[in-house]
Each structure stands twice: as C-alpha cells, then as structure tokens.
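Below: a set of structures, written as structure tokens.
Two complexes are shown next, each including chain A; its partner changes from chain B in the first to chain C in the second.
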Partner chain A sequence: MTVPAPAALESRIAALTDADLARGFDAFRSKLSAAEVSYLGACVRCGLCAESCHYFKASPELENVPARKLDHVAAAFRRHATTAGRLLPGLVGARSFDREMVRAWVDAVFGRCSLCGRCSINCTVGIALPRVFRAARAALASMGLVPDDLQATVDNSLAHGNNMAITKADWVETVQWLEEELQAETGDPEARIPLDKKGAKYLFTVNPREPKFFPLSLQASAKVFWAAKEDWTLSSDPGWDLTNYGLFSCNDEQAGAITRNLVDAMERLECETLVIGECGHGYGAARWEGPEWLRGSYPFPVRSVLELMDEYLATGRIAVDPSRNPKAVTLHDPCNLVRHGGVREPQRRVLRRAASTFVEMAPHGEESFCCGGGGGQLAMAAYKDRRIASGGVKAKQIRETGAPVVVAPCHNCIDQLMELNKEYKLGVQIRTVAEVLADAIVPGPREEGGACPRP
Partner chain B sequence: MASIDFNGTTVELNPEGFLANPAIWTEELAAVLARQEEGIENLGEQHWAVIRFIRQHWLEHDSAPMVRSICKTVGVPLKTVYELFPSGPAKGACKLAGLPKPDGCV
Partner chain C sequence: MSAPGLPELALGAAAAWALLALALLALRTRAWGRRTLHAPPAGDAAAGARYAFTKGMLPQAKESVRTHLLSYAAGVVFHTGVFAAFGLLAASLAGVAPGSAPVRIGGAVAVAGALAGLGLLGKRVASPVLRGLSSPDDYVANLLTTSFATLAAVATFLPAAREAWLVAGAALLLYVPVGKIRHCLLFFPARYELGRFLGRRGTFPPAAGREA
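After this line comes the complex of A and B, so read on.
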C-alpha cells in the first residue's frame, strides 16, 4: 500500500537511514504518556468514528476512517514496542516502522487529519485520537518530515516573531493607519490604538493576516475597546502575533520558543492579562499548550477577547442596537476554541445581543464539524483538494441555516470559509465576532442619558 | 500538479492555483490566470495598478506588500481592493501577480 507523499517529502523519505527511523520512533514513544500508550491497543473496531470525521463524510473511503489512521500509527507501535509484536508481528497486526510506513503516517496524520478531535468525543471507548496523531506528527517532525509550507510558517515566527515575516516598521505603520481610520469612523480624534503602553491591563494579540491583508477585523476590535474605554495595548516588538504553527508541526521546542514571544512581551510591558484575539489554534496554544511547552505556568492569566466582549455587553459597558445587523447570522465553532478550548458561550451571547437574528448550525458547539482548514491544513498546499472536499460538510451546514452571514471567531477558519464560499458558491458574507459587534455599537447610556437601547 | 493552457504551452500551477514557477510571470499570463482561476473576465486599470505594484514589490523585497501599502501607493481604498479581488489580496491579487502563496493563515 503506497501512498505518495508531497514531492519534497518523498525524496527525504527515500533518504531516511535506519538511525533516522529509530530516532523518529523514539520521538513518537516519548510524546505519549502511559495512558496515551494504552489508546494504541484500545480500538474495538466498531467504526463509530467514521461518520464523525469530515474527511470520511465527504469522501467515504477506508483511509479516511479515523480508526484506520489510528491503526497505521498503532501498527508500528505494536511491532516495535510490544513483546508480542516483536515475536509474532503477523498475529497482532504489527508492521515494521519502515519507509513505507512513514509514507502511510504522513498521509494519515498530515494529509487526512485536521486534529479536530471530533472522532475522539464520538469514540466508543474514549480514545484521544488527536493525541496519538500529534505524537505521530512529532515523530515525523523529528525526522525532518514536516511539509515545507507548514514549516515555513513556523520558521517565519522563529525568525521574525510573526508567521508572515512582517517587519516592525510595516506593523507599526499599519497600526497607525488603522488608528486614523478608527478616528474617522468614530468621529473621536482621541480614539487610540495604543502601542507599547506599559502597565496596560490587557495585552491584545492578533493574527498577522489582519495587518497584512485583512485589517478591518483589527479595526473592529479596536472600536470595541474604544467603546468600552478599555485600558489595552499592542506590542510593537514580537509578542503581538497570537499564532503558533508549532502546534501543528508538533515540534514542541519550536512551539515553546514561539510562545516565549508572548510571555516576554507580557513581562516587558508589565500587563495584567494576555488577551488572545479571535483565533482557535492561537487560543489553544497560548492558553492550554504553552505552559506545557515552557514547563511552567505563566505568572498572568490568559483570556479570549470573546470573553471580554461578552462582559462589556453583560455589564452594560457598551451598548448595542441589533437592528444595525439586520441580516441573520450563523456561527462556526473553531475546533481549537470550542471543542478543545472550552470557549463556547461568550461568542453566542455576543451575537444574540448584537445581531437581529442568530441561527445555530446543526450540529454545533462541541459537536461542530471542522471547516476543513484546521490542524495546519490551510498551510499545506499538497492536500488542498482534500481540504476543499472535506470542507463540503461545513458548506452544507452553512447552506442549511439559510443565514447570509457566517461568523467565525478564527482567522484560519475564515480563510477556509472564504474558499468554501467560492468553491461551493455559498454567496455568504464571512465576518469576525468583533466586526458584527462593532457595527452594532451605539453611544453608551451614560453619555446619552440612558436613551439608547440596551440589550 | 494543476496546469493551465497558455498560448499553446502548458503552465504549471501549484495545487492552490499559484504559479509553480513565479519567474515565468507575464501580464498576458496574469490575464489568463484571472479568467481561469479567479473568474475575472477583464482586468481593469485598477486591477493592473494593484497587480503591477505587488509584482514590483515582490521583485524588490521577495515578499508580498502590506495591504496598507497597496492602498497608499496605488491610491485605492481598502474596500476597493476587496471588490477588485474577491478572493482577497493574497489568494486573489498576489496570485495574479505571480507570487508564491504567502505563508500564514491565508
């Protein structure tokens, strides 16, 4: 069973030595805890996970069944790490960890998995499949087998402090320009987008995609902070980019080095709380994985900007008029934010207050389907066709809501949704939560003597 | 590998529709890419101003420009950039300017 790997990887796979393979296998073992090792032999082959995976739903073939992907990984483990596997490989379904198997791993864990975790919550025996797939990616990473375009994104973060290699001058100039735009939009010449404000309560972080190509979402977040009279800042030096593609390449050292930028900026600027902008993997990486990568908890709390927006509305710090968003909106749940990250309700409460009509997708929340762009898929050109095909599940969900506006609190998801919009001719508008909220903001009750509508 | 037909020769694209070899870009090729990959039948003056600026920036700096400098240099509002290139500055404009796909969440 030969599965071709992306061309650049193929030549590296062909050149693997036995020592490389041994190193890769050791890396795999070292990434799994004792409990996770037990997952490798736990699958009862019930097949329930198949329908939970968007790859399988879109293209029902064996290689797309989560249990099959797990089996590719587990087979090598059975061969090399169990007594029965060493003595009687045929009997226990053990296969050698050789070049052929490395190809199968690349195809399974990079090529057909967005690490979305939906299979895991639907698994009969509770196998945490993404943990195993991440360990397999880590093994491939240790052998230099991360797809080049995914690795380039990590390398940018390591070399430039942001994943698009934006220079400090370009970043600062864009922020200043957006500040002028914000002043024009609000009619308030005092409206600010603070840079390097020492001792600010919140250090806010963004996705480099915003300053580089899609700055309206950053302007919208700034407008929300402006309306709430928040004490916040951005960092002009590294520590402004919330992304961390080390989460997807599964090189924990590099992931930790990227997280370090955020920790350093918090120290440098003496802020109270690190606020992660609208991003699924960025939230998961900073909030949950970062302390593990850095082997120690942070001396500061980490929150999602969605929680702040929710609080501003709940406490009446900002007032909104939902009729300013007359079109029905639906919401996509980024896997890393909701299923893995646990931030599920704040964005819903914000949309219910800020938009006239809010429609849920079916299913949603923890059971939401991945958009297809997660797990680094958006960065791996080789698997584009599968990414678009697997996103067909989300496209169908969107169409069924009938909502003309799709909100996604994640820039990675937004990019995938933009492509799905084009490929599946959905004809929808795709926005961040902040963009919807910013449009609904009306002058606060304090200034206007309570005349303005409050939710 | 995907490809398009260009004046009788085959031009290779990466799976996302970006030129496999950015060096072979010409304006004629941009027009063909616009039609076949982006569904833009005719590139107008503003399209060309944006595309030429991005191309020049890439030749000089080996990177895509910030959307800020596209707006400032070409003299178009941000809104217009999105209208001109419905797939956005990266997957729309940079693609037509023959750049490799930018890294990151695009």
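After this line comes the complex of A and C, so read on.
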C-alpha cells in the first residue's frame, strides 16, 4: 500500500526525473559498506521484530513492522544490485526504484521510524536496521526529499550556528542573566557561567532549547559545575549548540559542517575536552558520527556531562542530600545516548545518589523503548499523530513505574515527554539529570570570597 | 560402490552451483568494503561480536524471542532438522546403512524439523502481518527445505524415497543462492557487524548483571 508523502514532498516526488532517481540510488549505494549489504540480504521476514517497534506496538499494522520497512529498501537493492533480483524480481520480491518506491521509502524511513535501533537488538538475524535506513534517508536527501521542517532545522544550524537561529546577542544576554540567577541561588557573588574562557578544561555545549525555553536546565548544569569548582566555559560564537539534525536528515556533508562548529570552538578556545550536555542525538552526533563525517579523529576527547556528574559524586567533589528530592524518580533512556551511545550507567548512579527513590522502567537500558521523539520526528509535523501515538508505549511505561518525576537526559526526549504528559494525562514532572542533582547539592566550603578555585 | 545415477549427479551439480554461487556472494558482499572508523571506541568490538553470537542470541537477551518462545523454538528445531537432513544426505552418499542408530536419530530430528517448518509455514499463511511481509520466496524457501527434511526422514525407513529425496536436495541447493536461504551465509557477517558496531560503542556485551 502506498502512503502519500507530505504534500510538499509529494509534488517533488511527482517531478522526479529518471536522472533524479538514478542519482538517488547512486547516493544510496555510496552509503553502503559490506555490513549494510549483508543486512540488506539477510532478513528472513520472520516478523519477530514487530513488537520491538513502538510504532507497531501503538498501531499493529504491516507498514509498522521493522522488517517491512527494511523490505521497502531491500527490494530496490535486490532489483538493481543483485542477479536474482534482476532475473527473477517477482520471485524474490525485488522492486524498481521508481516514484512509488520513493514514496514507500519516505513513509518508511522518515514517517515510521525514529532510528532508535530497538529492532536491531531484537532481530533474530542481527540486522542493524537504522544503518540501512540512514543510507535510505541519505538517498532521499540527495533528491531533495527531506521533510521541509526537518531540513529547516539543519539550515538554521548551517546559517546561524544553532538550530533555533538564536542570535549571539540573545545567547550572551541569556547566559549573563542566568549567571545572575545562579549567584542569587547559590548566594555566591563569584559564581560564574564563563563565556569564551580560553584554555578552560571543558567546553560545555547545550541544546538551544535550554536558552530558549528551559533556562533553568542550563542554570542547573552551571550550578553543578559551580559546586564541583569546575574549570569550564561556554562559547559565545557557534560551537555552543550541541544539536545536529544532520544526523536525521542524513546529509553527511551538512552534518559535517555543523560538527565543524564544535571543532572550531574547541580550537578557538583551546579547551581540553568537549562536553556534550544532556542530549541523546547531540551526543551520538558529536561523539560517534562527527569524526566519520569529518573523516578524521578529533584532536580532543568528547564526554557526556553525565559522566562528569557521576565523577563529581564518586570522587566527593559534590556532596548531595537525596532527601532534597523526596519524590520517586524514574529514568528514560534516550536511544542515541544508551543503545547507540553506550552511556547507560552514569545517569543511574547520579540519580541513585541524588534522589530518595529511583525506580527503573520496564524494560530499560539497551532494551528501552524510544519515547517517539527520536530520529528527527519532533521536527516533522506531518508525522505528529504517529509520533504521539507511538509515544503511548513510553507513556504506559512511565505510568507503570508510579514515579511522579521522570528524568530524561535529552532535551528532544523531554519535549516529546512533555507532549505525552499532556496527551496521556500522566501528571508527572519531567526533568533533566542536572536539575535533580542541582536540587540535591549540599554546598561545600569555598575559598575566601566564595571563589571557585580550579581543582 | 555403484556408479552414481542421475539423482546423485543432479545433486552433485546443484551442490557445486550452491557452493560456487555462495562463494561469489561472499566475495561480492566483501567487495563493498569496510568503513574506516575515526571515533575512538568506547568498548571492545571483538567482545561485542562474541556476545552477538552467544548470549546475545538467547531468550534472556531478546524480548522478541522471550515473547515468542514457540516461534523461536520452532525456528531452532527447523534449522536443526535441516542440518540433520544434510547430515543424513552425507551419510547416505557415504553408504551408511539406513537402519543404523545415528541415521534413525537423524531421521527423528529431520521429522521434528519438518514439522517445525510446516508449523512456521502455517503461521506465515495464517498471520495477516506475516502474509503481508512475504514474497513468493518465503513460501518457496520453506517448502523446499521442509520437503527436503521430510523426505530425508522418510528415506531412513523407505529406501524407495531416496531418489525423490536426492532430487529435493538438488532443488533446494539450486535455490539456496537465489532467495532468502542466502541467509545461511549472510547471517554471519550481519550478526558479526552488529556485534562489532554495538561492541565498539560499549553497548555489547551488557555489563554483568545488566541483562534484562
């Protein structure tokens, strides 16, 4: 069944020439290595992956089965890149890469997949479906078929250095205002949110949603650094935004250009380590994909701020009183941070120390369900209904914990969880790890005048 | 030993075709190359691959298997039965007596495999989602392997069925490189690459006690 693409894309699909299609398929092929080619030929269509997908769980229809989504892509590969597919297309389910197929790809890889990878670990064969879907998205990107609102986010990053087109003046002003707030909160007139501090140990990066909508989140991170007496800085110029929607549009050239902002900021400010704030895709983009987009290793390490918070607690640099967080908290695992990022335990250790009661969702960790907001879904309005419906799985998980506080170390996930909170009437409070930790901090002795000496 | 008849010759030719075509498939797949990675690893890719082929395949590591234990068991029995049928084929070609104990055991396993194959075929036909997922390849592949396992079992006590079994084997081997049975080869690089990918990122293997 062919599902129409969003209206803006539909007209572009209708206008595709054979040359466009050939270019798109060449782009797809260019993203394949032996690994992806193995994945494309290995599916046995057993269907056991179906219930691993939050889209299928929310709406158990054929087009939501991961194997079906894969088959749309694999069918074209079989048709154009395998002998059996060329000679016996009807037998082996090979189909041409034509406009109908392009529609199917758009629907499958943009409209019904958050690239969360839960199907991969549940696949009986071991197919990393998101790797294939990323190649398919890249093909669509090469034909100008990235949904406009997702592409606009990328374009903002390319043009303004951040995905919300926040001006430098607004950013700096927000940071300065938050510094005053931090001083008021801590009672320490020397508390700082450093900007452009050359040679700082850590360059800290944030999601633009923080200065725009959730300034208290940034203030909480700053309070953690203040309590740890950390040597850190933000960048006033591009390089402060950790997001990279090129990860989702799968235009690697543009994704690389956005990553370059971070690398340039590190070089400009001569910092030791790039610290990615609480953001799943931002961590995945900067830590794992960035070096591949730039085709070279960074001359600096990349760490998640969650690892720093965990270290501060483990080494006693921060003291906490969990009774300051008396309500039970549960934790959402962002897919790009945990299943694809390997950062699973630091946030748990922090919450166990900083909150009175920590409740795990079932399942969690590598088996956690996507909230529904990943893969760029939050930026694609055409698929909003599906996103909210697929998030019902996460809403059910949250409700079953009984915890009144949901912690999500990812601002994209937080946006989705806030919508789910409203839609499914969960009545929970949604917070970052830093917000919970900041509330639990018991300020230690400081040097004369309240200065924060470098440890 | 008597000279090989037409069924044996057909089987030999089909086996040669299957081996050659699978070797070519392996070479062509390999020719796509391996991506050079620049991000420093957070974990051990080799350990991830080992996990993917061991604990990572067990029900405790896979919700999809835990919640479909019957299908999982049927799949395991089906594959075991098909391998047993190939074992019986090798024994038959080597002149092992049909009535020997190993052959009888092999026959029993092949019967179980055939029944499991039929069960999985029935599931594919009965489930609208699985039907929608399927192409003719799925039915052809199942029927060929199930027939082969069935005839392998029958031939252990009915020598007259041997020729039909050899022909079924030849048909199966001819089809192996064409359709989904290619997963007998591609399963290994696919699972290996998934294991390496998640191992490198520190996701596989889950740390002790972290398994769900």
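A few notes on this one:
Definition applied: the second predicted complex is superposed on the first by the 444 of 455 C-alpha atoms of A that agree within 3 Å, B and C clash if a C-alpha of one lies under 4 Å from a C-alpha of the other, contacts with A are read in each partner's own complex, and residues count from 1 in each chain.
Just so it is clear, contacts are C-beta pairs under 8 Å (C-beta built on N, C-alpha and C of every residue); 3 or more make two chains touch, one makes a residue touch a chain.
This is a predicted model, so every value here is computed, not measured.
In the three-chain model built by superposing on chain A, chain B and chain C fit together without any clash.
When the two structures are aligned on the shared chain, A:367 is found in touch with chain C, with no touch to chain B. Once chain A of one complex is fitted onto chain A of the other, the partner contacts of A:152 are limited to chain B, with no touch recorded for chain C.
Counting residues of chain A touched by each partner, chain B versus chain C, the larger count belongs to C. Contact with neither chain B nor chain C is seen for A:143 once the two complexes are overlaid on the shared chain. In the superposition on chain A, contact of A:170 is made with chain B only, not with chain C. Of the two partner chains placed by superposition, only chain B is touched by A:381; chain C is not. When both complexes are overlaid on chain A, the residue A:124 reaches chain C alone and has no touch with chain B. Once the two complexes are laid over each other on the shared chain, residue contacts for A:53 go to neither chain B nor chain C.
In the superposition on chain A, A:418 makes contact with chain B only, not with chain C. The minimum CA-CA separation between chain B and chain C in the overlaid arrangement is 25 Å, rounded to the whole angstrom.
Residue overlap on chain A between the chain B contacts of one complex and the chain C contacts of the other is empty.
Across the interface of their complex, chain C is touched by residues 32-39, 41-52, 60-62, 65, 67-68, 71, 84, 88, 90-93, 120-128, 131, 287-292, 294-297, 301, 338-345, 363-367 of chain A. Residues 149, 152-153, 156, 163-166, 170, 173-174, 177, 207-209, 211-216, 243, 378-379, 381-385, 411-412, 415, 418-419, 422 of chain A are the ones that touch chain B when the two sit in their complex.
Listing the residues of chain B that touch chain A in their complex gives 14-16, 18, 63-64, 66-69, 78, 86-91, 101-106.
Taken together, the chain C residues at the contact with chain A in this complex read 25, 29-35, 37-40, 42-43, 52, 56, 61-65, 67-68, 71-72, 75, 127-130, 132-138, 140, 177-180, 182-183, 186-187, 189-195, 197-198, 201-203, 206-207, 210, 212.
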